[in-house]
């Protein structure tokens, strides 16, 4: 297949700035929140094997070398240089960065500089709301401050993102809550915050979603697997069907992130609702040698104009490398297979590859055209 | 593999009689209810690519030619001739036609004539009930009229079909409702009909199902994906488990249609309940180049004596072509692979192919044997 | 790939002692509870075809010979000799036997003798509770007797097992019930037992689970498909997420058995909770020629240190043969494929094969090391 255009990674995160020891590196390979069980290691996962396959050669080592050798070489080069080398190997031209994860992570600008690429921001609604709550003395003040924050963000961000899947699950009433309901829920939440209450109230989460919908910017929604904060079956994108119906025709696009193991459900929603899109991110990175099979399942029902590439990389620049390599290899093998058996024409395969890798994201997020991108 | 016997398409629909423009044709390729999102087209789907692969050569064009060329050629030949050519290429010997979809569609007899084949009718319960309600002045009159309609239909139809999945979802109480309950529910529904209320009441839907069960004819149930009227997770066939238990041993067979992406669940029910059968229809047409993978998943748990071929074609004769080609190719490749690796014997593969393609449907729907079929 | 070490079958059952006729044999091929539908046979399933592939040659017949020939040869040799021959062909070195299924089945010792291997017992909680109830005059006596039974069993068993999935489903409150609650629930159940009430009360089932957790022995949980006593969607392992959270860090390991068709969900829980493990058992035996595809799906998210081989064989020694052959073939093909394409190193593949086949079970169940096993 012909070379792909510069990729648009439409959902990703910053990477850790400092050097990493073996244990911290290992913990960033997984969605788990605790060290691996005694006698096991997170390197013994598809993600771990994929990192060991693709990354050591980029730092001058043999593929599949032992993790300790890789980490030693990584420290020798230093995190800054490693990030630079790894990102520049990816072919990503544009990063759309969700900046809502706390921690000492690179900003979008730093990511762009390290990767010699462009970066734009995706703003996480729950983070905006938590900041608004920090400064708000009353529920009414919170509501106003959040509205202003959304308005301000909408001027520079390319999209909003919600992690309602983590906070309450996706079984939410589909309609926008009324102002009185929102104030009441805000009062409860503000009262509990001193004791550390996170934003989990379903009324407030719906208020966040509908505030984003009102801006007209695309709204990314986490669906499917993630860290153990989430209950998997409550993150099934099928639970968003009524929300998809309620937002149909309003002019705002929804993007269902990840979805695994419910990625066929996400593809179905993209099939029947014109404003719904699907993503391949996390699912490929975490399934490694199986990425082709997982991508194939997404490509069953999703209209090819509505599937978007992402890495969902977080913490480690290695996850950008792995996300890109797994994606491009999976896509090329799948499409080549379909072309070889006559199911797809070569031109269509080339066209679809370009759409999923960059074109769909450019259209959806209204990014400047590739010629003007660098 | 040897040639298949004439196929029995045990679940399909009429096709549009008149000529079609590009936009109307495109909308019939999808389960979506609205035009494709700006910048996208439903031709860019697995179904669209499958149509472009198989159909143009049947009308004298190159495979994968642009949609506009195909539509122009289609209008040149006229819908009547196109339907004739396409249907006669399929190898379908018997059509079991669900006549419950409104619109200017070919009747079973017209389909049989165009395809040089036989056709029998599958009667949709909700349509019968809506017609009974049109003529009924009182709930009691509705109940009587519906009972008579079911009785009359059972004399000529080969099966009943329910779309309860669309109307309420499959999470229904498994038992038959009592007469008083049914009358009460009928009264509510009749009162709401003036305002356009569709039959969505779970008590009435159960009454419909049990009325069909009482006839002894096979009962087809829509499960899994369909148009956006349906909520996907409410159409999971696993929700029918208690209904399967309640109807076990009564002598009436259940046929779970489609099922995707819950087709493994449908296959499971066919595995553990002797009277439950599964189908491959819609799932293959809409997954195109992936049909082999989807069929393989169904063939994990389903007993081979209880899987039935269908196209679920609707509106476009092209969907008959695609449904058959995808099915036969997928089946032949799968079985040939299993024979080559020694997992199945060649005789068993041939026998199973015949069962799924025609034999199981002939037994289930008590169709005359193939020799007497034409 | 190199030869595997002697396998540890970490979840299996006894086999029928006497000779079997065709009908009894056929019914043991399936999870269904009733004879096959008229015109069909359970030999026409992936399991049936797998048995006909692998077993006849072990008794001196041609692969895929007709079932009647196989059964005749089986009776000629006698059940004792057949069991001996079949088990000794498997390479299983250790059987961990769930003894909770009633019927005239071989004990773990008999299985070990027939297979020239070791056997240890897995104790089923619901069976222990039912025995405790048989002897108990009052709820308090039941509670004491059950506690003693668990304590006694924990001295010799390698693990406990729960079939809560069959009795109530897995949607249980995650916390341990209080003593008063347990006594009340026990009173209700004991009162109903005269009328044949099985242990289905969710409070008692939680009490059983937490009693096992308190021993520190691994706890095996049935998840996913099984016989029609179970409602499939109520056996989704994702429903155990809150129980996994509640037991995290307590030092007791959970093992999610089978899981199909929700095996990706089971693998996810093993991915994010250090004490959760997953299994391949039943799913491979019942999917036959598709075992490689199903195992591949499990290997997407499961950490390789937490996947365990089992056959879940029950009743027929043939199911041991089939479980082992399907597993080893599937594993070897998958890993060889990944090594060939460079995704995994050869050493890693060899190491993972050993871990899943035996090493993980040895660590988890604290079995003596292989050198001392025979």
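Residue numbering begins at 1 within each chain, and the chains themselves are lettered A, B and C in the order written.
Rule of thumb we're sticking to: a contact is a pair of C-beta atoms (placed from the backbone, for glycine too) under 8 Å apart; a residue touches a chain by one contact, two chains touch by 3 or more.
Not measured: the values here are computed from a predicted model.
> Over half of interface residue numbers shared between chain A and chain B means same, under half means different, so which is it?
different
> Fit chain A onto chain C over the CA trace and report the rotation angle, somewhere between 0 and 180 degrees, nearest 5.
Fitting chain A to chain C on C-alpha atoms yields 120 degrees.
> Centre to centre, by mean C-alpha position, how many angstrom separate chain A and chain B?
37
> Which residues does chain B have that touch at least 2 chains other than itself?
There are none in chain B.
> Quick one: which bits of chain A touch chain C in the complex? Just the residue numbers, please.
Where chain A meets chain C, its residues are 30-37, 39-42, 44-46, 49-50, 52-53, 63-64, 225, 227-228, 231-233, 260-261, 286-290, 293-294.
> List the residues on chain A that touch chain B in their complex, please.
Touch list, chain A to chain B: 236, 238-239, 241-242, 244-245, 248-249, 253, 264-265, 268-269, 271-275, 296-297, 299-301, 303-306, 338, 341-345, 347-348, 352, 355, 363.
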